[in-house]
Every structure is written in C-alpha cells, then in structure tokens.
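Quick one: the structure is below, questions incoming.
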Amino acid sequence: MKKLVWLMVFLGLMGFSLALAQPRTVKVGFVSTLSGGGAALGIDVRDGFNLALRHLNNQLGGLPVEVIVADDQQNPDVARQAVDRMLKRDRVDFLTGIIFSNILLAVGDAIFEEKVFYISPNAGPSEYAGEQCNPYFVNVAWQNDNLHEAMGQYVQTRRFENVFLLAPNYPAGRDALTGFKRYFKGRVVAEVYHRLNQLDFSAEIAQIRAARPKAVYAFEPGAMGVNFIKQYAEAGLLREIPLFLPGFSADADVIRAVGRGMVGIYNSSQWTLELNNPINQRFVEDFRKTYNRTPTLYASQGYDAALLLDAAIKAVGGDLSKKDELRKAMLAGFNSTRGPLRFSPNGYPIQNYYLRQVIQQPGGEIVNRQVGTIFTNHRDAYVDRCKLR
Amino acid sequence: MRWIFPTVLLGLLLAFPPIAAAMGLEFYQGLLTKIMIFALAASSLNLILGYGGMVSFGHAAYFGLGAYTVAILMREGVTSGWVIWAVAVGLSALLALLIGAISLRTRGIYFIMITLAFAQMIYYLVVSFKQYGGEDGLRARRPEFGLFELNDTTLYYLTLGVLLAALYLLYRLVHSRFGRVLQAIRENEARALALGYPVFHFQLVAFVLAGALAGLAGVLMAHYTQYASPNLLAWQQSGHLMMMVILGGVGQFWGGVLGALVLSLVEEILQDLTIHWQLGVGLILLFIVLFAPKGLAGLMRRGS
Amino acid sequence: MSLLELLGLSKQFGGLAAVNNCNLRIEAGEIHALIGPNGAGKTTLINLIAGTLPPSRGQLRFQGENITHLPAHQRVHRGLARTFQITNLFKNYTVRTNLELAVQARAGSSFRFWQPVAQEKHLTEAALAVAEQVGLAGRFERVVGQLSHGEQRQLEVGLALASRPKLLLLDEPMAGLGAEESERMVALIAQLAQHHTILLVEHDMGAVFRLARRISVLVYGQVIASGSPAEIRANPEVHKAYLGDEGGAE
Amino acid sequence: MPPSLFIEQVLNGFQFGLMLFLLAAGLTLVLGIMDTINLAHGSLYMIGAYLTATLVGVTGSFWLAVLGAVLGTALIGMLLELSVLRQLYRRDHLSQVLATFALILIINEVVRMIWGSQPLLLSTPEALSGPVEILPGLYYPAFRLVIIGVGLLVALLLFWLVNRTRVGMWLRAGASNREMAQAMGVPIKPLFTLLFGVGAGLCAIAGAFLGPILAVQIGMGESILILAFVVIVIGGIGSIKGALVGALLVGLVDTAGRAFLPLLLSRVASPEVASNLGPALASILIYLLMAVVLFFRPQGLFPART
C-alpha cells in the first residue's frame, strides 16, 4: 500500500513539472484512425500532414511545432479518452486528424468547450454545418454530403432511371445518401443501411441482384469499400449494373487492393492528382518520393490542414491567444493543393468538385483520372442555417 | 495504528481537487474519478464473482444500461439527477433479475456463456436504436441535483461518497448472515442446499444487488464522460471488469478497488510509454493468473 | 400415521429404472435400516426423499403431508435432514463455521444483510452444543480439511443434526471408517436414536443388525422385504437375492 | 421473393456456417475433453489468416500458402498448449477465461509488432475471382463455392477421424468420461497437444478462406470467437455433430436474419425502421436461439457427456 502513495506523489510531481515547462511552441493534437479497417485513411492524412510540416521546416506560422499523435482505433470511446488527455493534460492549442464523423461528434463538444480549434482534415458532419455550427470548427476537406451530391448530379445527367443506395448505418452514411438524393431526381429502388464496419456483403449483394436496379451508388469508406467493391466484382455484378462511387472509394489505396476490376468506374472528388498548381505539383511529387505511393485525397486533406494552420498563425503573428483573429484568418482562406481555398461562415470550404474515372494506362498502370468538372464554387446545403458570420 | 493509513488516504482523496486545481492537474482528478467508478463496478462484480462464485461474463450489460439510462432520460427531458439515479438503478436491478432468473438455472461454462449471450443481446438492442445514437453512442448531459451543480469537482466528491457508501454496504453484507450463506454456496452448493438454504434465491438476490451497483457505476460513468458509449456494453468491457477483479483479488474485500486502481494506472502509464501497451497488460494479467491466483490483495496479505 | 411414507415411488434415468415402484413406511421413533446390494438404488432413494432428485412417479408423504414436489431446502425446514455417502462439507471452513451455517439455516431468516453474523452468539452456542453431541468440541476451531476421515464423518452427521430434524437420513455413515471409528459412529447413532427417527443406509451389516429396529431390503429398485432384524434374517427371498451364498449377516 | 435470391442466401448461410464449424470443432473438443475455456482460439484463426497472407506473397500460390499456414498455425497452437494452456487444465473456469483473455491481448500486440496495425491484403486467387452460373440465371462467386466445398470436405474428414480411427476413439472416450479414458490407458498428455494442434490447424483453414472475403486484421478473431462459442453451446459441448449442426444453424439464422428480416419488417414498418432494426434483430436472433436452447436443453442439443 505504501507504494501506491508514492505512485500518487510521483504522478502529482510529474503533472506539476509538465505544467511548469511551457515554452512557446504550437502544440497540435493529432487524433486519427491508425489501426484497424480505417487505418489506411488515417495514415494517409497523417503522412500528408507530416509532409507539409517537413515542407514548412517543422514550423507553423513561424512557431516550432510539437505534434502529439494518438490512435482512436475508430472507436468513439478511445477517441474521447485521447482527446481528454490532450486537452486537460497536454493542453494542446489545436486538434486535428479525425477521419470518421461519428468519432468527431463524440469528441466535438469537449474540444469546443475548452475553446480549442478543431481543424478537420476529413470528417464533415452536417451537424456542425447547420444550427450547431461552431466558431472553433474549420473543415479543410468537404462537408459529408458534397462528394455524394456531385455523384448524384452526375448520375442524374446520365439519366439513369433508378438507383440502389447502400451505406453503413452511421451519421456520415445518412448524410451521404441524403446528399446523393438532393441532386438525383430518379427513383430510389432501395436504400439499404448495414452495420458499420461490416465486411461480408453477401446478403446486400444478393439483395442488389434481386432488385435489378439500373445503377448502384455505395458510400463505403475505408476497408468496407475495398471489401464491397471486391465482392461486387466477384459476384459478377460490375459488368451488369454500373457502380458509382465517391472519390475516396476509387483512390490509389482501393485500386491497389481491388485491381483491374475497378477500371471504368466513375467517381467524384474535390481534389485530383492533375490539378495544375505549384502547391499540388510539389505535394504529389514529394509524397510519391517520400512514401513510395500515390497520394489519395485523404493525404491532400492532411497536407492542407497543416497549410491552413500555418497561414492562420502567421496572420496573427504567432499570438495564439487571439482566438477571434485566428478564426477570421482561417476563414479568409489560404493557398491549398486545390488552389486558393475559401470558407463559408460555418467553416466549410467553397470549392469545385470534379468527375474522375479509373482508367488503365498503356503501360498497365491503373490510375484515377480527372475527366470533368461537376460543380464549381459549390457550397454545402446547411450553411444558411448557421447563425455565425 | 490500523486506522492511520485509511485516514491519511481519505484525507488525501478529499484534499486532491483543490490541490489539482492549484497545480493544473485536473486531468489526474478526472483519472481518479474514473478509477473510483471502475472500483465501484469491479467491487459489484466481485460480490457475485468472488463471494458468490458466479462467473458472470455479462456484467457490462448493467454498467452500460446505467450510462444509457442517463443519456436517454436527459434526452427525453428528465433532468432531475435523483430521478435519473433511481430509474437507472431500478432498471439495472430489473435487468439483473431477468437475466439472473434464467441464467442461474445453468452451471459452469453454460452459465458463463448464457450471461455473455444476454449481454450481447443488450448490446445489439441498444446499438440498433438509431435515435439513441446507434453505434456512435449518445451524448449524456449532466442532470440537475438541486443541492449542488454537477461539475468535474462535485462529481469527484459525489463518486467518492458513493464508492465509500457502497463499500460500507458491501462490507456489512459479506459479514452478515446473507454474506456467509452466499460464500458457503460458493464453497459447496450441494451442501448448502442440503442444509436447507434456497440456493437459487440467495444467488439471485446477490446477482440483482451486483447489477444495481454496476448500474450506479454506469450512471457515474455517464456523468463523467457526459456520453453513453456502446463500448460500455461490449463483451470486452465485461472482460475488463473481470480483469480488475482477478488482478485485485477474487473474493478479497479490497479486490475490486485494488484491481481498478492498479489496472487503470498500469494502462495509463503503459499507454504513454508504448503503443503496444496491451502487451504489457496481457503479460501482467497472465502472470497474475498463473502465479498469484489470489490477486494483489492476496499478495499483500501474504506480505504483511 | 407414519412419519414418512413412500407410495409407488419410481425414478428412471433414461430407460433404466433406478427406483421402481417403491413402497416404504418409516414410523416415528424407529431406526429403520435400508440395505441392498450395490446398485440397488439406495442412494437414489435417499436423493428422492431429500428432494435432490425429482421422482418420475409416485408420492412422498411426510407427517401425513404430500411433499413430492417440495424443493429440497423446504424439506429441511419440515424436518428432513440428510448426510452424504461421500463426505460433503465446507472443506475450507472451520468446524465452527460449518455448524454455525447449519444452525443458522433453521434459526430465523438468513436474508439479513446488515448485522454482522459474527456477533450472533446464540449461533455459536448452538453450534458448540452440536459439536459436543457428535464429539467434535475439541476440534471446534479446526479447518475441516485437516480433520481425520472419521471426524469428517462425525461432522457430516452433526450438520444434519443441527437442523433439529424429525427424520435423519444417514447415507452410509460408516463408509470408509476403521474399526474403532465405526464403533464410535455406532455409539453416536445409538445415542441419537433416543431423540430422532433415523433412516439408515448402510453396508456394515454388523452395525445394521445392532442398531436397526426394522430393516427393509432394496433390490433392483424395489423393496423385496421389510421387517424386524430377525424376520429379515429368516427371509428366504432376502437370502436368495441379496445375502446369497454368504449365508447370513456377516 | 424470387427463388434465386432465396437459394443465394441459403448458400451464403452455408458458407458462413461451415467456416464457423471449423472454428467450433476445435473449440468444442478442447472444451469437452480438457474442460478448458480457450478464448485465444480466435487468435489462432487470426494467425492463420496472417500467415496465409504473408505466404501468398512469398510463394505466389494461394494453395501452398494455405498449406503452410495450416502447418504453421498448428505448430504455434501446440507450442501454446505446451507453454501456457497445460497449466490451466486443473484451474477453475474463471482463471481460464482470464488467462486466455490475456493471451488475446498478447497475441494481438505481437501480431501488431510483426505485421503492423493496418489490415493485410489477401486477394482471392485469380482463377476463382469471378462468378459461376450454378443454375440458369443464378450466378454465385466461385470462391465462395470453393469455401463450401472445403468446409464440407474438412467436416467429412473430421467425422472420419473421430468415428473411425483410434485417436478418434480416444477423443470420444475423453469427451464422455475423462477419468475412464485415463484409466483405459489413453495417452492423455500427447493427445491433448495433438488435439490442440489439429484445432489450431482448423482455425487456420477458416482464417485462410475467410481472409480474402473479410479482412486480415487485428481483432478479427474476437467477434467470430463469440459466435463459435454460441455454436458449441447450442450444439452441446464436446460433440462434433453438435458443432456442425450448431454452426449451420447459426450461419443460416444469421444470414436469414440479415437478408430477410428487413424485407419482412418493411411489410409492417417504414423502410428506414426496417433497415435499422433488421441487422440488430438478426444479431440478437443468434443469442436468442442460444438462450432458448439452453433454457430447454441446458446441456445443448447433442450433449457428449453422459
């Protein structure tokens, strides 16, 4: 029992010394999904973020950076504990990194309560876009509906009579299909929600086969996407019923896993490999060189999150206590891999959405090519309900 | 001399929040709150596992139900803390009564598995209600208690008070007539029956009591994280609580408290050291099971 | 009215009838011995009477009341107490705790959650009295696992006795005892018989014929004979079916 | 409902059930004969999948990889038995649950150290990656048909092993009465080690064939382990026949629940409620089945012990 007392004293002292040692650095908490089925996404965002830091000489707006990384295991509970630790023990200045919307919604309140900015490199739940929008929230990726709105628009222009919709049963899944239906005006044969992180889609695929729709749209982030597309191809459906996907389900990582079956698939994205600006060219080139793989849109979002922080901190001259100025500086926009990026008052970007298609190049390499533009300067559907200015 | 240590410890626990506030150690105050909540849950499990010999692999059901009751009632507009507590504890007890009444007809491995099965059912049921958050869990705002405002510090004292009260209750219980019979049933069920004890009823009462206390721990957990997570209902959570009990000492009075304290601290420290922290937890646990079957409380007793 | 009546009692395990249409009466105040070859169903019969097993058919009447469907623990409260053929005690507890538990079972409700049981002096006193009765007062604070086999058998009887039964079911109390220990057990049973009715299942024929007022013989789950020791000794059926070539009682 | 949909879903149920059987068979024998709860059984399934994925990379052949993974996992299983599980046979169930729970944590982390946190890629063999027309107009993935074939083959082999060989006779004797088996001179210790190896090998087969369909990742053994336990408790602990019946029952009930419950529910409730409640109710169905079976037959459907 004596040892326990010592342990407590020790812990107390440890915390005390931490509290005393506070040189002026920027502390960024990076909570992301780094293990399990969604790990590829988190690792891409992290690698993109780290690449940007390297390009910025490990400084953000002139201040040295300390990044504290935690794995949320795609589990809201684990994420809460990690965020709690970062807010209360490490006292970070910014938080970023979260991939999945359900994770973000589980920790958002705690972050905003501490008046800490959350820079979202991916998760863009509708909750934070409308009435519940928050001054401490900025998203450098896209609102959850957007890629699906773009695909809905495209499927609509192709005049498909009806479509079968599939998504996991969680907030982003519902947002996604809502977004698709906002622009697709044809008939929805069925809207099937399955358990999050389900890996065997045989039951759903049988349903699709029986329903005989003209097209299928599936929102399946992470490992679910790989499994669904693989099984869809193995069931022989890819040749019979065209499959449309959001951009991340047809990105380099999925292509690596599924292979030739992907060729021909159309998908939507706010970023493409070919975007013609110096920041993007440097990003794509150095990412390939550093990590030996083709960057995905997730990686570009991680890269942009760091660039946004850099620009905003520079704008307030490194004084992180000026929260209002920081927010103004962030919303004013910055130069991203997608060119100059502006934001709505709810913290979501106003940007273009492109159509891409998976093609096989003459050399045999399979890539996801930009083939058109679906929306220009597109805003999210909820911004009008946000009271922030 | 025996009272010195507990008094000092209690004094330290009482004095911790102001010290923490002064030194910016709120995080550790939160950690202590969490440990005390787990101590309560593990002690409740120890009552049936340790004293009653009932290897329930579904204790998370009551723990999670307590937390979800808070979240759901707050969402539905019931804001009185006392009402919420009463409903949560009552529901947990009722659930334990239902599960116990069926499970206690089986023995051994079948009992382990049927309690697990019931807990899994509760898990999937809760997760299926999308309006209550589904897989994402549900926000659980802190209710009103009238006498005081529930914040991190009052919650700390509240948890401390509940834990002490529960421990006192358990202490009286295991030394009462009822407690003695419960332990006798664990030792030799056929003999207890032949002496004229209605074994089933004793076990069921203990089962319900443990469920109610675990529900209360779940309520406090929801107040602490302000969030009801499906994780609280998962089978790994049941395993986690069992780990605490066996680490601290099965059927040792301080087993649950000690196990919760040590396991939480070990997890906290290892998590900071390495991402492979679960390896450390696993090795420690394996060592305890193989070489110190009476847990830490048993080791200490032998040492002193 | 008999103290205990078995009316056409049967117990089947699968297709096998362990006890088959068994009729038996036990009168208040007697020592009634139940003998029979191995596998005759004696222990099954004890289990049926004690309520550990439910019968397949037939009726049990105790003090004129039908107890066929009464759970085991309630039969104890009616005054039926048993010992086990294979010693069945709280091995990790002391003799004192064993006996206190037995006393506690009849002395008021055990659904008391608050008062420390250690403060209930009357339990200890009653336990000590039983210990004296079965000759274990000197071992009162010993852990049961450390007692000799004979002492454990004595405690086995003591636990049954502590519930102040009207009918004691003794399932082979002499099993595994040496000559001297057996002698002590016979004396103990004889002494208990002054105040209790006893149903004695026993293989030790010497003990049976010394103790029993009446004897019933169980063969293949059926009572083939019932009577005084002399009658049983003279019964040709019994000789044929059970005592056989051995030519009488030991 | 079109009959082709029904047939397809029944096949799905069979495929899942047969893989569950491979896991449950080893588990039920260990539990029946050694009276030991082994939660780490699912970890062997995970190891089998990881080994397969790695060996596919090395050998380039799926079938060679499966063979290697089965042998490797069997070896690891036997080592596990010799080092840890052997200590647990005489301990109570609680100790077994906790010790093997600890093994799960340890094995998970060791796998993470060797292979990393990201799932491994295990592709369906090229030749089997397409559909097959099994009835006019009814296509079914070839690989899933192969899984059903392999599952049936292994099940037959197991029945032959248990019912026709000397080792099998020992196993049956051990499952129905351990002391008797020991008295009859059955070499218990080596038998247990061997049995453990066989159980581990079966896990590896399941891991190798489910890996390409599901995902090769840490924790993949845990959810399926619970299902395997449900299977053997329904079937009766120690009975291979029980494991097969239980596994097919669970596989069919699970698939039927997932596929048809939403359809049924959509007749009585709104489509959203139906698609919501369907999967959840389907998952409960299995546990409900188990609770009902245990309530009426506390020893399962085919109890091995007499």
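Note that the chains are named A, B, C and D in the order they appear, and that numbering of residues resets to 1 at the start of each chain.
Heads up, the rule we're going with is that a residue touches a chain if its C-beta (ideal position, glycine included) is under 8 Å from a C-beta of that chain, and two chains touch if they have at least 3 such contacts.
If you're wondering where the values come from, they're calculated on a predicted model, not measured in any experiment.
Listed by label, the chains touching chain C and chain D alike are B. Chain pair with the most C-beta contact pairs: B-D.
Rounded to whole angstrom units, the spacing between the C-alpha centres of chain A and chain D is 36.
Centroids of chain B and chain D (each the mean of its C-alpha atoms) stand 32 Å apart.
Each chain gets a centre from the mean of its Cα atoms; for chain B and chain C, those two points are 43 Å apart.
Residues of chain A in contact with at least two other chains: 71, 169, 195. Residue positions of chain C in touch with at least two other chains are not found. Residue positions 130, 275 of chain B are each in touch with at least two other chains.
Applying the touch definition to all chain combinations yields A-B, A-D, B-C, B-D. If you check the complex, the residues on chain A that touch chain D are 34-37, 39-40, 43, 71, 169, 190-195, 199-200, 202-203, 206-207, 209-210, 223, 226-227, 230-231, 233-236, 256-257, 259. On chain D, the positions that touch chain B within their shared complex are 31, 37, 84, 87, 91, 93-95, 97-99, 101-106, 108-110, 112-113, 222, 226, 229-230, 233, 237, 276-277, 279-281, 283-284, 287-288, 290-291, 294-295, 298-299. The residues of chain B lying in touch with chain D in their complex are 49, 55, 57, 102, 105-106, 108-110, 112-114, 116-118, 120-121, 124-125, 127-128, 130, 235-236, 239, 242-243, 246, 250, 275-276, 278-279, 281-283, 285-286, 289-290, 293. Interface residues of chain B, counted against chain A in their complex, comprise 5, 8-9, 12, 19, 23-28, 30, 130, 134-137, 139, 225-227, 229, 231-232, 261, 265, 275, 300.
Listing the residues of chain A that touch chain B in their complex gives 1, 4-5, 7-8, 11-12, 15-16, 19, 71, 75-77, 80, 84-85, 88-89, 102, 105-106, 109-110, 169-171, 195-196.
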